[in-house]
Amino acid sequence: MVIRRIGMLTGGGDAPGLNAVIRAVVKTAIHDYGWEVIGIRNGFDGLIPPTSAEPLTLDDVRGILPRGGTILGTANRGSPLVRRVDSNGRVELVDQTPEAIATLEELGIDALIVIGGDGTLNIGHELAKKGVPVVGVPKTIDNDLPETDQTFGFDTAVLTATEAIDKLHTTAESHHRVMVLEVMGRDAGWIAIHAGIAGGADVILIPEIPFHVRKVVEKIAERDRAGRHFSIVVVAEGAKAAGSGQFYIQPKDELSLGRLGGIGEWLSDTLAMSSGHESRCTVLGHLQRGGTPTAFDRVLATRYGAAAVRSVAKGMFNHMVALKGNRICEVPLERCVGRIRTVPPDGELVQTARGLGISLGI
Amino acid sequence: MVIRRIGMLTGGGDAPGLNAVIRAVVKTAIHDYGWEVIGIRNGFDGLIPPTSAEPLTLDDVRGILPRGGTILGTANRGSPLVRRVDSNGRVELVDQTPEAIATLEELGIDALIVIGGDGTLNIGHELAKKGVPVVGVPKTIDNDLPETDQTFGFDTAVLTATEAIDKLHTTAESHHRVMVLEVMGRDAGWIAIHAGIAGGADVILIPEIPFHVRKVVEKIAERDRAGRHFSIVVVAEGAKAAGSGQFYIQPKDELSLGRLGGIGEWLSDTLAMSSGHESRCTVLGHLQRGGTPTAFDRVLATRYGAAAVRSVAKGMFNHMVALKGNRICEVPLERCVGRIRTVPPDGELVQTARGLGISLGI
Amino acid sequence: MVIRRIGMLTGGGDAPGLNAVIRAVVKTAIHDYGWEVIGIRNGFDGLIPPTSAEPLTLDDVRGILPRGGTILGTANRGSPLVRRVDSNGRVELVDQTPEAIATLEELGIDALIVIGGDGTLNIGHELAKKGVPVVGVPKTIDNDLPETDQTFGFDTAVLTATEAIDKLHTTAESHHRVMVLEVMGRDAGWIAIHAGIAGGADVILIPEIPFHVRKVVEKIAERDRAGRHFSIVVVAEGAKAAGSGQFYIQPKDELSLGRLGGIGEWLSDTLAMSSGHESRCTVLGHLQRGGTPTAFDRVLATRYGAAAVRSVAKGMFNHMVALKGNRICEVPLERCVGRIRTVPPDGELVQTARGLGISLGI
Amino acid sequence: MVIRRIGMLTGGGDAPGLNAVIRAVVKTAIHDYGWEVIGIRNGFDGLIPPTSAEPLTLDDVRGILPRGGTILGTANRGSPLVRRVDSNGRVELVDQTPEAIATLEELGIDALIVIGGDGTLNIGHELAKKGVPVVGVPKTIDNDLPETDQTFGFDTAVLTATEAIDKLHTTAESHHRVMVLEVMGRDAGWIAIHAGIAGGADVILIPEIPFHVRKVVEKIAERDRAGRHFSIVVVAEGAKAAGSGQFYIQPKDELSLGRLGGIGEWLSDTLAMSSGHESRCTVLGHLQRGGTPTAFDRVLATRYGAAAVRSVAKGMFNHMVALKGNRICEVPLERCVGRIRTVPPDGELVQTARGLGISLGI
């Protein structure tokens, strides 16, 4: 197959480094291979008529390396390839994949680079199975994609969370408070454990290890006895209280009923009642997604973008570029989608944290 | 009066620069005047028996210049000089000022430097009226103290808020969202208007100028028509919706009843329903108080600390050190307490913001 | 005079905040007054045929608020209004002001906003004397312009220098070294003294106060005796060694002859020989000019830009906008040009630094 | 062997993360194993009488996680185990290893953790061969140690260099200049190529690939033709000009003779003469070593410290802890010392940079 024109899109939540990938793809494709690059706007939405796509030139990617977000826009409201239609009172799902493939043909796109997380890569995989030459680029804030040591965006998110912990430390100490920081991580606690270790947290609660509030209170009391009248608690948004005895709760369900905020707020309120300290919660939220990417993420994103172009040139489709150690390699998409990489509850990272005296649940 | 030993305490919420003031007081007092400095712990609490105070040496203040918080600790639960006692079912207020003054005498403290906001300075003023030689140093995150161009801590808070806006921008743009950032400012909107201008916000809502949600929605729509499918809204925690027509609300009261979060969350939910955009809220909270102070705040705090010592040496008591233009001066405490400095609704700052196209309420 | 179209140019070395001024001028002029704005490229060079100028739209200033540099470009090789021509072996100076004025007329520019330091404002003043309606905006990294409390760019430069000192501290301490940091300031030591105080320097050397190397060595020895086996020296590029005895030098001249680097390198070498410590020099150089402006500089630059437009609207020409305390005001250009504002050798800032134990020369 | 007391020292140039390793060692050793930890001061110097060593408690490592430098001090003037003595005019080398070993025995140290680069690890290896139970922790700014994917300190250095490039960009563009940034890397160009890619440099010159000035000039001219009238050149301190034709030079030797500064200054001067642009050089120097470590380096350093303690517990001596992918492992010291890891001139990183249009020499 002769490549003349490639398409590219970004899907899912934004992450620092998306623009660095886009820039690397455009520069490498034009400079090294002489291809044309078509930017598809707003994720897969741009492939469903009315389509939204336009050529990306060197000028278009000038100056975007240090900028957060994605110049292509994104969409993260489920797969646009499955449209919900209401016919006579019944909701039906209509597969729009044929329209998307038709659009790709219409645009004369010989290969498609999709940049995104599990959902986006999954759609890419579906398209690949139907014959579209697809190369994936792994992106998550949460770093929970399998088959790659790291996704871009994660390093920046961890730095942002660590800087937040640095800031909370002094307030906690000055006011003898418990400060709770809720970070991203619905299913995997990578941000929480990395930022917690980097920031010197006293308690780290992650989805992979259920926790007893009682244990957290004990840790705070232990610090009190050592003359440390404050504590820093980092909690991933998906952390779960263990189900037993007095402290049994199902935070997610109860909270969503009463709109009482997330696990961080709940935990902060609970600790305020049970620890004898004032407690405050900070929800880091979207601050973790934004901002200029770290040098690490810029390099990783750039290497991914360039590698994706080389994969296209080699005809290595239905694969995702990945980092293994210091090397960039390719992994079949089917091994990457549909499962997540979580923090091993007995692994070295958790062991290291516990060795430092950090309380980690159960 | 011959000065041999001075006391120092920090009160109210912590602010970046407190340690810089402490360091400057200790270094200047010891180096230039040969005085002893007693650090009183946890604000005025440290003066009520059991007292908590100890000498501060040059070693104690080593390395604290760039650190947030206060090594003296603070307390912000109302004046410790007014104790609430319950005698036979009735709550009585007992003035503990005599105990505090007795403590000062016991410690042999010839003059007292109090570092804090309106509440702390007010107590200092009360002590001064009873004969204690007091010098005040103005500290607020909110910059709402009168009689000084600026308080330390404010510059750092504005920088933190501005960096947050920078981060939200790219997410807003990538996802075509409305991003609401709630910043500190219960009575004065200085942080909101400064950070909003510095961060390029589209809407800034401050306590001084009531707002109609309808106007905010119109601004978002106006941007949509100009092809800008996202908006950044900065809202001070004390901002109030105007009371008329369809959007009449009393957010504070309703919200506090239902524990529904603050004005930011409420506004974000409301805009999500009425603007046709997804909306997300970030509450910056305690992140504004923490972290290493900016160079500006370190210099200002250092100048304040040194000036406070010189005020003691001159016998200029019952005054607060202040910044006027580039000069450090002294202002009688009675002119500083009991009132706040707010953003003039028709002033140059608001006019400048409006001239940029920023929507500011009413 | 009815204003329909205004011109704007930036001159001299670049400074963080230039783009913020440009953006504020364009937005305010278009939004509040409906004027057209012409951007003149590369300082006054753009007014000399072949001219380089083009309209600036709202789109042109989108996203430039947090960016360093100037989208208009600048030139700092002396006044372009004085051309050097060589006729028959003799060099003659030709005043090109008439060409510049003709260009302004040709472009239909009703008023000119010039953003720059002493040199740029001086040319603006000359044009104003010849009838061009000029408004100046003060910009220097060095903060040495008279008649304004602060110029934009300075706060960012001080922060950059302070962060550098923060970094050098740990190296100095770990290696028992003297670390010398050379910062900008040919005639005025504002950056050096502000960053030195903010960074906790041990020695600060500024052009306004000559220094003896012997005194610096003594300070280092004094710290050694106190168990502090490292020292941080901040030196402005224009600092001068005092002319007496063993240490008499004229660094500037000698150094420029031999291309031996600046005062920082010289001082570091000298201290390495005389203090018994290893010494290292870091020249901060252009890092002080670049980067995203601080929130402070963004707000100040924005206020200046908006105020300059209002000055044009009021017909207040041949003036410079200025900051006095918290207020923006206007000052006649003739009071601003041809002289610089230096650090008062006996002022409060120097006194404060000395009180902290910082050695400041003589 | 029963471990009761372990020693620890830091050697070579300081690097961000040293304190994080120290903290992790102390906390893990005390918390998980109940050992005592002896901190040896100033590298191996502390083992040569008069010895300098003292127990490290949990209190000693409080708050040091985010701080640069090393609380143990370091020495980087060659191996202290080889003393140079002058007897009757001849210089003799005396091996002090026996004294060091005697000191370790005297202190009752059962195992020794040495944190450092090639030189330090080499001495550790020599001690190990003589029976001292040694575990190494890899530290270099340059990331040039073999057998580990990454050393701590490198990520922070790259971020610092990248931020410097970000700052130089705007100045370069505003003034149409060539900006040269000299970064660390005597033998390996890892910092240069990572920061160069992350910062969007136009030219990256590393020790592994000789360069022709002519090629650099051509790249600048190519950019001029594309309307980009500025260029960013990142040069490692050990980069070498290729030896042929007009531009033949041996910068290192000539420069050291005339004290004309390093390769950066030389290149900047040369480009100023040959490219038709003004050029400025910034030497980043010690700024790369200092400052608070990035979250990445804090986590890596912490994992290394904890792993070193576990290695001691396992009796896995004469090994270095290392990172391979996401795993921490151990590598025999003999495979780590005496050789460096350099940037493969034909590897993926160089290929990626070239694909982006970056000029890389030869």
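Each chain gets a letter, A, B, C and D, in the order it is written, and its residues are counted from 1.
In this text, contacts are C-beta pairs under 8 Å (C-beta built on N, C-alpha and C of every residue); 3 or more make two chains touch, one makes a residue touch a chain.
Quantities reported herein were computed from a predicted structural model and do not represent experimental measurements.
A straight line joining the Cα centres of chain A and chain C is 42 Å long. Centre-to-centre, using mean CA coordinates, chain C is 35 Å away from chain D. Centre-to-centre separation between chain B and chain C, using Cα means, comes to 31 Å. Along chain D, residues 166 each make contact with two or more other chains.
Chain contacts here close into one cycle, and each chain has exactly two touching partners. Contact between chains, as defined at the top, is found for A-B, A-D, B-C, C-D.
Chain D makes touch with chain C in their complex at residues 10, 13-14, 18, 67-70, 73-76, 160, 163-164, 166-171, 173-176, 179, 259-261, 280-283, 285-287, 289-291.
For chain A in complex with chain D, the residues that touch the partner chain are 24, 27-28, 31-32, 65-66, 149-150, 155, 158-159, 161-162, 166, 194-195, 197-200, 292, 294-296, 298-299, 302-303, 306-307, 309, 324-328, 348-349, 351-352, 354-357.
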